[in-house]
Each structure stands twice: as C-alpha cells, then as structure tokens.
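There are structures below to look over.
Two complexes follow with chain A in common, the first pairing it with chain B and the second with chain C.
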Partner chain A sequence: MRLLTHNMLTSHVKGVTNGYPLKLQAENIKVMSVDFNPEFVARMIPKLEWQALVQAAESIGHLGDLPRELVPEYESNEEFLKMAHHVLMEVEVIEGNLECPETGRKFPIKNGIPNMLLNEDEV
Partner chain B sequence: MRLKELESYLQDVETFEEPKVLLEQYPTSPHIAAHMLYSMQTQYSSVEGRLVADLGCGCGVLCAGAAMLGAGACVGFDIDEDALSVCQSNCAELELDTVHLIQADVTHLHTCPGRWHKTFDTVIMNPPFGTKKNWGIDMIFLRTALDMATESVYSLHKTSTRQHIKKKAKEWNVNMEVVAELRFDLPATYRFHKHKSVDIEVDFIRFSFPSK
Partner chain C sequence: MAAPMDQESCAVKTKLTKSEKKAYKKQNKARQTLLRHEGISTSSEATKHLVVANAGLSNGVHREELWRLFQTLGDLQDIVMVTGKPYAFVSYADQQSAAAAYAAFNGRMLKSPEELQQPNVTFYLNHIEKVPSQRVAGLDLPPGLRLVEDFVSPACAARLMEGLGWSTDNQQQTDAEQALKHRRVKHFGYEFRYDNNNVDKDKPLPGGLPDWCSPVIDKMMSEGHIKHRPDQITVNQYQPGQGIPPHVDTHSAFEDEISSLSLGGQTVMDFKHPSGKRVPVVLPARSLLVMSGEARYLWTHGIIPRKLDPVPVKGQEESITLARREVRTSFTFRKIRHTPCDCKYPCQCDSQLQQTGPSLPRTEGEAGQLEQQHVHQVYEDIASHFSSTRHSPWPRVVDFLKTEPVGALVVDVGCGNGKYLGANKDVYSLGNDRSSGLANICRDRQLEVFVCDAMSVPVRTGAVDAAISIAVIHHFCTQERRLKAVKELARLLKPGGRALIYVWAFEQEYKNVKSNYLKDTKEHQNGDVGDKSSTRPTQEQQGASLPIHVNRTSFKTQDMLVPWHFRDGAKKQQRGSQPGLQVPSNSGREKNPERDTRDCTEETNLDRNSEQNSDKPLEVGNHKKQDSEEENVKSCSGACASDCQQSQDEPVYHRFYHVFKDGELEELCNSVPGVSVVDRYYDKGNWCVVIQKCL
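Presenting the complex of A and B:
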C-alpha cells in the first residue's frame, strides 16, 4: 500500500463519523523506484489531504524534505513534485495496520494490500 | 505500443487458479481487454497519464493493460484475497509498479464512497453480471463507478440489459455510448456447465458526463 492510496482510505464502519485519516502502523516497508511523471503528480495534489500525507509519511519515517505545507505554484516546481512523487508512489507498506482514529479498529495490510472489508455487524 | 503487442503481453497475465462461482469470477480475455484498453486510449485518451480505477479487478488483466498503456496509476479493487494475490504476483512478474491494490467490497463503496467520490479520471470494469443470486449487482457497480469517476466509465454489460441501462443513464444524467458489441466465449469454467463454452452478447459501453 502506497501513501497515495492511504490518503484516500477511510473507515466506513457503521456509526463512525470520523474515520479519517487512518493511523498508519508499518511493520515492513519497501522503497521502490517508479518513473516520475510530473504532470500526473501535479494533478494528484488537489485530490490529497496534504496534512494527512505529511502525518502518514512522518509516522513511518519517510517524510524526508517534503514541505509540511503545499508550496505556492507547485505545478511548475519540479523539485517539489519529485519529492511528492517519492512519498506518494515509491514508499510501500508491505505489512502493518491502519487504525481508525475514532474506534481503534484495525484494518490489516498484508502483502502490500490493505483489507478494508467490514464484518457483518459493521455494515 | 501497438494493439497486437498489448494483446500479446496480456496473454502472460495469470488467471484464477480456482474461480469462485458465487463471485462470478472469470478472466477478461487478453483479446477483449486489449481491444477495450486500446480504444479507450486511442479514441478517448482515457488511460495514459490518468488516474484509473478497476472495480472488481480480479486477476488484474485490465489493471495490467492500463499500466502498460501508461496510466499514471491504476487502483484495483476486489473483494477476494485469492484473486488479489494472483493480481499482485502478475504485477510483480510484469514489473508494473503503477498498480495499487485494495481489498474492499465495491457494493459497500456504493453507500459510502468517502474520499473516492469523483477522484478517478477513468473507471474501467468487467463487473459481475448478477447471475449468481446477486441480481442487480451490475447496476450497483455502475452506480459506484459513476460516483468515483470525473471523465469516463468503461464497462461491460449483457446486451440484453441495454435498454434498461439506457433508461438508468438518462435518469442519472450521464451520457452512454455503446462502443462495441462483443461476444464473450466463456469457457466451461464451472463443473456444472453442460456445454464446452457459453456464448453471450456483451456491450462495451462508455459512460461520460455532460459538460456543465
């Protein structure tokens, strides 16, 4: 599970009003090299909750020099986009958990795939 | 990449070891997947550099094809961990690092899309048709896809449901275009199939949104 995905995941357990962002607990992380596409990264940024991204990256020790606030005119700032690309696409949590901030319910991450399936009583 | 090349690469995608009947699991053939993806890209520029979702990704033929055609990222959703495991190993084998996978129930996403609402440029899918005690599931998948997409949804539906879908598209205020009429030659995947294969007529449909 990469941080781009993590940024979009929410707990939809019945009754939960604040299921985002999920607290990231990583037991095993892999760093990979993915082709950099600056236009694509620039287009993804408006979809993100930037603070949640920063928090998640920091919690697993991969924030690096990524700015904590969005820089102005980031669309044309290649250095910034490269850092964003790295954090969003190149850091993968292989084993771990996503914890609901409201209930503490854990969604496991196994083999790089987060399991968001709900139990019968949670739907 | 040419169509023939894409089809040839997709032939290397491993498929379900033991398809689950109730989930209507069967692989989208490399031939059909290649044609779908190729036309999505050449006619509508819906793949390259785009954020793509594959609902009910199964073994990941469509995800793999989207990644091969240069999608910025393709997020595959599926309920079955065995299918996702095959999908995962396919992506590793084919060195496709722009495919992201999530284990989730698409029918639950429909009621609470959360942050997925209007996130993806393009949603692609070969949804379950609703033939296994899950009547109506094709429309639930479609509804969810339309909620998640900003530009287009590409989907496969039985030709026999075309009029019903047309009506729904109108109700939901989305444009619907039958891009191609296909014939699925589903092999006798399940032991109880009497014939060697089942031939059904399927529409490859593109849904899009009216400009404001």
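Presenting the complex of A and C:
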C-alpha cells in the first residue's frame, strides 16, 4: 500500500463521522524506485489531503525533507515534486495496520494489501 | 544353567533359555529404539496394533510378503510401511489376531525364501496403542490418506504409458491436439453423464478396463492398499501450469477407496478440511495415492495451476525448495457405487443433502449468505483459475480509461485480477475486490489494491476522477444491494467525474446478433436460443430454488446460478489472440460466461500469467487465515451443455447472477441522486452505462 493510496482511504465503519485519516502503523516497509512523472505528481497534489500525507509519512519515518505545507507554485518546483513523488509512490507498507481514528478498529495490511472488509455488525 | 544372571529380573530369567533371553533383550532394544528415535511408545497389554521391527522397507521387506504372512493369523486390516524406516505397523480387527501374530512371529527368524525373500530376518513385535499418523513435512496427513512411494517401477510405468498410447512429448501430439490444447482425459469402464455429473451406471463402456492396467490393480490389491477391485479408470494428463480446483469426488458415484497413480512428473496436491486446515502433499512420480474415509469424503483435493511447487528438501524437511513441474499423467482407479451414499460426512454428500438448492433471499442476512456461498467463496476457490481466463481487457472499457488525463485518480470497484488497473499508465489506478485471492493476484502484478465489499468502499467521498465497475453489480442478489453499489460509485466521484458500469445482459441476442457467449455452442443452431420472448421473464418466486443456468444458452430468468466449469483456462488463452482470427466453435471448449473468445486486443502472454501466479511460493503448511469457515464445494447438480467434455474430476461451482434487462441498469442509476446517465450501450452481451456526478 503506497502512501498515495493511504491518503484516499477512510474508515467506513457504520456511524463513524471522523474516519479520516486512518492511523498508519507499519511493521514492514519497502522502498522502491518508480519512474518520476512531474506532470502526474503536480496533478495529483490537489487531490490529496496534504496534512494527512505528512502525518502518515512521518509516522512511519519516511517524511524526509518533504515540507509540511505545500510550497507556492509547487507545479514548477521540480525538487519539491521529486520529494512528493518519493513519498507518494516509492514508499510501500507491506505489513501493518490502518486504525480508525474514531473507533480504534484496526484494518490489517498484509502483503501490501489493506483488508478493509467490515464485519456484519460494522456495516 | 550357566547363563549369567540379570540383576533386574533374575527370578524370571532363570527360567528362560539363553536364546530366549537373547530374544527378550532384542525385543526390548527394539522397543527402546522405537521410543527414542521414532517416538513410538509400546503397550504392555495386547492391542489390535503391532509394530514389527525389521519388517520395514529399509530392511528390504516387501509389503506383499508381509501381507501374506500376517493375513494367516487373523482378520488383517492394514499394514503401514514408511519409506526408509526399519519397521512396519500391522493392524488387525481384533486383539486376539494381533496376539496370535505376536506369538507366531516375535523373535523368530523367518525362512527364506518361503516366508521372506530377504534371508536371516527376525521380526521383533510389540503391541502399540495406535498406529501413528503418517506425517509429511511436519503435518499429519488427512485421515484415510495414504501415499505409497515407488509403487511401480520405471519399466512398469513405461508399459502403462505405452498401453495408453499418449505421448508426453508435445512434438508428437497431433496438430489438431496441439491447436486445441485440451488437457487430455480418457475414461475406461464407465461413461460420465454431464447433466447430472454422475456415472451412467447401466451403460458400462465397451472394452471394460484395459489389460495393461491389470498388473497395477493386482498389485494394489495384493498389497492390501485397497479392498475392492476398481471398475472405472480416468486418465488425466497435466501440462506444467495446469491444475484442478479443489473438490470432493461425488459421493454417490464412487465407493470409498479412490486411488491415483502419478506418472511422468511430480506434483503437489492440496488437501483442505472444511475448517480451513490445509495439507499440501507431494506426489512423486510413480507414487500411488489412496484416498479413503475422511480424505475421500470430506477433505477437498486440488492441484494449483502453476509451474513451480514449493516442496520440502529431502532430509531437511524444514527447508523448502522449488520444484519445477513436468508433464504428469494420473491414472485414477475407482469403483462405481450402485447404492446411495451413506457416509458419515453429509455436508459433502450429494445422496444425503437436501434436494432443494438455494433460493432468492428474504432477509439481508440471507442475502449476505447467498452471496458468501455463491459469489465470494467461489471466487476465493477459483481465483487463480479465474484469473487465467480473464486476460484481455475489453476495448471499450480501455477507451473509457484512456480518456482520463494524466494524474487522474481512478478506482476499479471489483477489479478481479486487475486487468484494467494497468490500462492507462498515466493515471493512478486503485483497485478493490471482495476476494483476497484475487487481490493477491493483483499484488503479484505490482498493482495497488485493497479488499472490501462494493457496497461499502472505504474511499473519501468525491475523491475520485473516474471509476469503473465491470461485471460486478450483477452478483448482488437484491435490488437494494445493487442500488447500494451504484450509490457508492456515485459517492466516490468528484463533481463532473464519470463511472462506467458493465453488467451481464438478459438479452444475449441484440439487434439480431447473438453475443459470443451464445455463439460458441452447437445448441443454438437447433433454435434453442434466441429466446427474445415478448413475455417478461418471470421473477423467481421467493422460496423456490434458483434455477441452474445452462451455459451458452439464452437466459430464461433473471436470477439464477451459473455453473463455472473448470477448464484449463491457462491453455485456452492461446486461442483468439490474433486480430480477426475466427476461432471455430467446438465441443469441449470452455463454457464460462462473459469471456469474449474473440478478443482482439492485447497479445496474451500465457506463460507470464501462469508464472506470475506461481512465482510466489506458498508457504508449506501455513493456514491461510482468509479462508472462510465454510467449504461449499458442491458437485454439479445442474444441466451442462451436453457436448461438454467435462471430466468427472472437474468440479462445478455455482455463482449467483442477476442479469439485467434492457433499460434496467439505466433505471437503477436514475434512482441515485446526484448523478445522471450520460451514455448507454450494449457491448458483448453486457448492458453498459456511464454516469456522471452532477456539478
């Protein structure tokens, strides 16, 4: 599960109003190399919740030098885009948990796949 | 008299002769060795079971000899010999027989060659409480399962293959066979009926069992591996990458003992108990596998379609290595059953199970159960087989995906094996599926995926630029659930975002053109299909059983169970991969729905697909926690196309479908606030709709 994916996921346990962002706990992380496409990253950034991204990256120790706030005119700031690219696309959580911030319910991540399936009583 | 006294039991010993004392010492030694090295503890009292030291395979003793010797002393039930061990277990029906055997053989040197070929062998016997279960790589074999290695010699194996007349060398296959790439199947003794997945017990095949099989059968009987002579043989040849999904052989068709001889190559057969426990069993070439009791009636068995098997390293069973598959020919010997089955495992028993099948649900709980049994569990069981038949993305879906700009966020709800997740490399594709098995297959392809139900997708509202849901919503068994799924899609979309939905159409003939699903069958030529009835199809009465659809025919109702026949999907991919190629319809072809057999995009790289499925070695002995508690493998109780060459060994799964009528999907989408239908069309037997989120 990449951090970009994490940024999109939310807790959908019934009745939860504050299900985002999910707390990230990682036991096994993989860092890899992904082709950098500046246009892709620039267009993706507005879709993100930036603070959630920063929080998540930091919680697993992969924030690096990524700024905590979006820098102005980031679209043309290649250095910034590269850092964003790294955090969004190159860091994968292989084993860990996503925790609902409201209920504490844990969704396991195994083999890089979060299992968000709810039980009958949570639906 | 001059024998030295043993301090411990001199009172007893003075009465024994020297040779008796020696024998006693040896027996004691045997007992201690067994305890120390093998963990086998002997019983001081008489029991039905004996362990016989020096009667093992590593002593050069043959099973047949033991059977002959011990049979005379009483009601001999079983002999177990373990490869490489210097002892054998002998079990009688009663204590007296065992005690008689003890008296007859303990400490006595056997005469050679009248009693035993090997000279100078003395058996030392001890009673034991029970025979320890055979273990394989630290796991107990399922009860009733026995593996006999080196059952036939290489020469005997060669004679069998010669008698069969198939070559395993691809070069020698006829052009026709190679073109069709069928897994070879042949039956002897009895004909299979595919409409009830049972044997035509009144019509034995002419010729009976071939002569060249007799020596093998004789050996199975004389060595006591089976008690009843088989009268039916099925031969299957598996190419590397082929397998068979988990199943239980139909109870009512065959008696208890089912034996399988593996020739040519080794494979791993997975046994699974309804509780989820899994035992992988390596079947070496020339070994005989005998399934009886629980192993035959309750545990499912199957072979994963892959080219590499994780196997324990000989001598270091904790270490795993990968063994490459080779062509394997299996000869399965069975005895036809002529009375209804009365086994102790009714949950898997077609004779004992209720005659009525599942029906449309009346409550949410029932709806969930129906989908669990007839959608989710099926996909988990067939994940790898299913994936290998879903390789070519449909062009119009790809077109939709390609209209998204760089950096778009796209969600594929119900992504299956992920075939659309890589279609547009400039967007971020996020897939989800209900099946962990399928999600793992996506993962093997480095695709981003998570597991959830389509009625509740854990993604932020309005976060998504585009979404697709291809061949998913028709698996929901109530209108409410289908609506929920569409509502979720609508919720995910950002204002202006679009979602593409494909569902299977009730009308398989549209504008006078039959869909490919219908085309590939001889049946439709008889005017069987083309059922463009002007009358509305009747909805299933609640409570009445869901009908089982006959594949490749027109739909008679909207709600039904559709059989999935396992066919070597891996091989099937190679057909129809060239643009414009007219693939002739023929019998024995895959009968699975939805698949366009004339896909003209994307070269299909069969090997890459299978390899990807097999690259990830399964951990031997691990229990997959995602497995549901229920095992719902039912034998096919419905009609199959009569030209289906389905072998008895191939199980049938039933998936629930609600097929949509013309306009129904659009109507469903129109009842969702916040979106409007911006496109609708018919594509390859599916109704398709594009909805757009209002600004």
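Just so we're on the same page, the second predicted complex is superposed on the first by the 123 of 123 C-alpha atoms of A that agree within 3 Å, B and C clash if a C-alpha of one lies under 4 Å from a C-alpha of the other, contacts with A are read in each partner's own complex, and residues count from 1 in each chain.
Keep in mind that, in the parts below, contacts are C-beta pairs under 8 Å (C-beta built on N, C-alpha and C of every residue); 3 or more make two chains touch, one makes a residue touch a chain.
Predicted model only: the values in this text are computed from it and were never measured.
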Clash or fit (per the criteria above) of chain B with chain C on chain A: clash
Partner chain in contact with A:40 - chain B first, chain C second, else both or neither: both
Which of chain B and chain C A:120 touches, first, second, both or neither: second
Chain B collision site on chain C, chosen from 19-27, 235-243, 307-315 or 649-657, when both complexes are overlaid on chain A: 649-657
Chain A positions touched by chain B in one structure and by chain C in the second: 1-2, 4-5, 8-10, 12, 19-20, 37, 39-40, 43-44, 47, 49, 111-118, 123
Chain A contact footprint on chain B (complex, rising order): 49, 51, 72-73, 75, 79, 81, 84-85, 88, 97-98, 100-105, 108, 111-112, 114-116, 119
Chain A-touching residues of chain C, taken from the complex the two chains share: 368, 405-409, 426, 428, 430, 432, 434, 436, 439-440, 443, 448-453, 455-460, 463-465, 626
Of all residues in chain A, those that touch chain C in their complex: 1-2, 4-5, 8-12, 19-20, 37, 39-44, 47, 49, 111-118, 120, 123
Chain A residues touching chain B - in the complex, by the definition given at the top: 1-2, 4-5, 7-10, 12, 19-20, 32-35, 37, 39-40, 43-44, 47, 49, 89, 111-118, 123
